[in-house]
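What follows is a pair of complexes built around chain A, which joins chain B in one and chain C in the other.
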Partner chain A sequence: MNWTTFLQFTRGPLFQASLLIFVGGMAYRLVRVVLLGWKGDKAPAKGSKLAGVVKTYLKGFLIFPFVPWVKRTFNRNPIIYLAGGLFHLGLFSAIILGTPHMLVWKSLLGFGWPTLPLPIVDWLSAASIAAMIALLFYRRTNPVLKLISGPAEWLNWLLVFLPMVTGYIMTHHLFFQYEVLFSLHMLSVDVLLIWIPLSRISHFMFYFFSRTIHGVEFGKRGVTP
Partner chain B sequence: MQTQKAINTFVKETGGWVASQLEACTRCGMCAEACHFYQATGVPEYAPVWKVELLRRAYEQRFTVSGKVKLAIGLDAEISDEDLLKWSSYVYHACTVCNKCSMVCPMGIDLGTLIHDVRSGLAEAGVVPADLAAAVQKQLEEGSPLGMTDEVYADRLEWVTDDWEVDIPIDKEGAETLVVLSSIEVMKFPQNIAAVAEVLNAAGENWTLSTKAREVVNFGFYEGSHSHTTLFLKRLLDQAVAMGVKRLVVTECGHAYDALRWTAYNLMDIPDSLEITHITGLLGEYVSSGRIKLKGGAFNEGKITFHDACKIQRKGGHINEPRQILNILSPDAFVEMTPNREESICCGGGGGVIAIKDADPVRYAAFELKIDQVNKTGADTVVMSCSNCRLQFTDGKEHFNLDWKINGLTQMVADALAD
Partner chain C sequence: MSEETIYQRLENNGVSRRDFLKLCGTLAGAMGLAVPPLEASGLPDHLLTENKTIHKIARALETKARVPVIWLEFQDCAGCSEALTRSQSPTLIDLVLNTISVEYHETLTAAAGHQTEENKQNIMQQYAGQYVLVVEGSIPMALGGAYCTIGGRSAIEILEEAAAGAAAIISTGNCAAFGGLPKADPNPTDAKGVWELITDKPVVNIPGCPAIPEVFTGTLAHFVIFGALPELDDLNRPVTFYGKTIHDRCLRRPFYEAGKFANSFDDEGAKQGWCLYKLGCKGPTTYNACASIKWDAGLSFPVQSGHPCLGCSEPDFWDGGGFYQGQSAPLNRPAATVVGAAVGAGAVVGAAMAANNAAQKKRAVQASEE
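Moving on to the complex of A and B:
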């Protein structure tokens, strides 16, 4: 098998299989949690639960990522805030607003959207990769992070890092033949897609549960979340 | 030790509400920076994320594919006796369940409640710190963890009635409002009882104390035992229902308010006609409606700051009332701490921590954050609406030789009542 056929495999059947595993796995995780049962809360509310939910999402989506210093804990842990925020910003810019990725979405969904110019996506991706390295270093040195990190956490880091770094090198046509890099990029994406439902990278789905719960809990008490 | 009982409890606690939040955790460790016990000691095991680790392990091993795989290949082990002992010291000694961590969590996980669930498992397994377990036993047998027996209660009330020359209705028939004191007030801050009585009398409230429902403190809630929590709550609520009161007022006690106002409804049936509220809410209501009149500027000397209690302000929502009152009593003297309101730093004595002798070093360490916060305001008086905080402040004041005056909000209101 040469690199061209390997590329065809990793971006063809393997990618489709990985996508299926990803979607199926996430659906399983979701159903599993939902079916564990939900007890209603019978305590009469003091404030509006809905208002709490709205406020916590506004804070979570707008204030927290873009104006992190509103949180006093920011000063105690600026690396995690900045690197964490930058990583997510770069990641989502690339996979949603990068032209090649948009075209993948278009082939899957049937419609596309305007994208960001390559230099912007490129710089954001570079920042994202730098942020990941900073976060790895931090995870290796901070006593709490050392305590709560096991093999799964290191693997999470590696499996997210590989697609990002191969993608970045690929757009710059560095080091290797294009087909080699493209194949490795696709292979790492496929592995990541299979890994996500098994790991904590799935937090993007459960975020909506915990944020809503947070808003309800603070809202019902009449406290700003 | 019955470790399996703890595991069973963890599994039982884990419905969708708990599981979805355990799944949302990214293990970023930010919660550690919110925890006053971690900040004060630097012990990584005090990070809130680590405190809920037992609950997470039990959940994953029982319900998730990755948890089962990890167990099978030796990356995780069954929860052991040693684990329970270790976590007992993390969640009882170094946590006041103040829930500040949930405000910092980027996922918004309600860590305080999850830590309470860990306590529930440990309580079932019988791994509650000895001092706390002894207090629970005392409350089971004598009706109060602080030795406030029927006789002591009656004696103290009689003494307060005489000494402060105040009317205190007891077991009054036809009363609309039942007030339940905490034994901390009865035993350590009796002037608070007089203050409550003076304020309610001035407001013309048709109120009473009860000889049956006399202890609002709930050590079952501290240890996390559902059965004890329910039993102690029922002592109060059954009596309130039997008396046909419309309102049950919790005096200056934080966790008792948390248990009655937010938890009791999910443990037993409470009639809709019964309102449960906190004295802080009542004071705000009286002042707003003009049922009591205060002497403006009655406490306007020096600098006065307000300590927000985790269970009454952050978890209870009575954040504005104390400000409303202090702006009348101390318009120039009142200064805010930073951070304050719902972001306030806990005193370090709540959640049963102050009752555990072995926890004294971490409790004092956590209190140093509070000292720093108060000193930065330059205040000479600290006011609060929680007797448990007040106990911690009074004890901390002595321990650290501080030149502060500690006061209760109800006390100040009573002292400033206009004739």
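Moving on to the complex of A and C:
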């Protein structure tokens, strides 16, 4: 076994298996959550549900996160607010707007889109990695966070961190030959794909669930979120 | 074959001493050895000191007889031989061909049939332990080797016989090195590269499709002159030629960095010479000297002329993803039905668990009510 064949394994059969576990696992999680159901509310509606949803997204997802002073997280702890935001920004710029990743989507979805120049993605990735280290440091030092962080939380961090650093090192051709890092990058991505449905990283799906449901409730009761 | 030295032979062919030293400089360059320009210019003998590279080369050529070469072809297309004999660097290739004597080569030898086979046997006996064995083409192992036989004998039999008396083995081209095209999935003949089969002899791999002639001759020259093989990487390729990737030395690299890509073979980007990554370039993982030595006497190479690198110097490049599909794209995609099945399975298991939980809850409620 040399690195080229290992790369072919991590890009080929292993990736395929991970992807299937990922979609199957997410479907499982989704069905479980949907079938939990939520208690019917017999009170008469005071406003439009749809308007509530739209408002929730506008404020909670698209506007407020970028207007720091209205966020309680920011007022309580600006570092966590900024690091969390920066981490997600770098993550998404890399995996959606980075050329190699767009080609992954293209091969899976059948269509592609324009991408950002490498230096921009690269700096955002670097910022993202730095932000992750800051978040880890905070988790290790803040007494409350430390208390609620079990092995799963540390693993969450590690399994997201590994693809980020291997991708970054690979892009810069540092330390090892390219196909070595490519293999490790793919291996860490494959592991992450399997881990996501088992963990709270599945929040990327449930986040929209909770937002939507809250939006519906808010809208019905005619309160502003 | 006479026992005259290589130098004597050159001299008899009318090569002057000065030209000879110049040729030594060319050879040094071909082997990827660094030679100061002054030395490479063909200084008179007495100005050369003992330990200078060129002097070492000159010494070797003055004292050594030509090295006999046996060239075997198995599951090949003779493309490596073609590339070598039609190479556009005549002085260099001539020079190297002057330092060796090709005793057996199925495509080049004029004679044919049992006569040549007999001659090969004689050469192998006469130069046992001295000759260089060059192999072109992969070796089929399925059906007891029946997919490739010469004179009624299987490729593996012929290879093992010739390898036994070889001083060193050079596998030229991806087929001999790693199995190449014949080994592509589903590999019907169970094709193998030489180094998978012969493990008791030094085997150098010069993969490529075909191998770059200058890389082949440079490696051969190194063996002839220093009597030893050059430094090899973990795939037994000479580090001098295979130490860097195409991407490392690519003239389109600045466009890669700037995110400027050709999206098709005739769009504006292609005309501007932008990076070919999105068109499937395998340059980032391909180790070879194309981008520096190039082809046709340094005229051009695939990426320069607008075609993405196929990765032909890497093992199993035929199965390394579509030639025109970006390198980062997964090698195989699950079919839509398989994805559907995975989603379905997840959903069904989820629903079953939910139903089970609901039933349990109901029972528990009933139990508490009773």
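Going forward, the second predicted complex is superposed on the first by the 220 of 225 C-alpha atoms of A that agree within 3 Å, B and C clash if a C-alpha of one lies under 4 Å from a C-alpha of the other, contacts with A are read in each partner's own complex, and residues count from 1 in each chain.
Definition applied: a contact is a pair of C-beta atoms (placed from the backbone, for glycine too) under 8 Å apart; a residue touches a chain by one contact, two chains touch by 3 or more.
Quick caveat, the model's predicted, so the values are computed rather than measured.
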### Task
For A:E179, select first, second, both or neither according to whether it touches chain B, chain C, the two together, or no partner.
second
### Message
With both complexes overlaid on chain A, does A:R200 touch chain B (first), chain C (second), both or neither?
### Response
first
### Comparing the two partners chain B and chain C, which touches a greater set of residues in chain A
B
### Message
Applying the document's definition of touch, where does A:G84 land relative to chain B and chain C: first, second, both, or neither?
### Response
first
### Task
For A:I148, decide between first (touching chain B), second (touching chain C), both and neither.
first
### Message
If we overlay the two complexes on their shared chain A, which of chain B and chain C does A:S107 touch? Say first, second, both or neither.
### Response
second
### Query
If you stack the two complexes on chain A, which partner ends up touching A:R29: first (chain B), second (chain C), both, or neither?
both
### Summary
chain A positions within both the chain B interface and the chain C interface are 29, 32, 35-36
## Note on the structure
As the complex stands, chain A meets chain B at residues 29, 32-39, 41-44, 46-47, 56, 60, 64, 71-73, 76-77, 80, 84, 142-153, 198-200, 202-203, 206-207, 209-211, 213-215, 217-218, 221-225
### Query
What residues on chain A touch chain C, complex-wise?
2, 4-5, 7-8, 11-13, 15-16, 19-21, 23-32, 35-36, 99-101, 103-104, 106-108, 115-120, 173, 178-179, 182
### Query
Which of the residues in chain B come into contact with chain A in the complex?
14-17, 19-21, 23-30, 32-34, 38-39, 42, 44-45, 47, 49-50, 53, 63-66, 70, 75, 102-110, 113, 261-266, 313-317, 319, 339, 341-343
## Note on the structure
Within the complex, chain A is touched by chain C residues 234-235, 245, 247-248, 256-261, 277-278, 284-285, 314-316, 319-321, 325-334, 338-339, 342-347, 349-351, 353-354
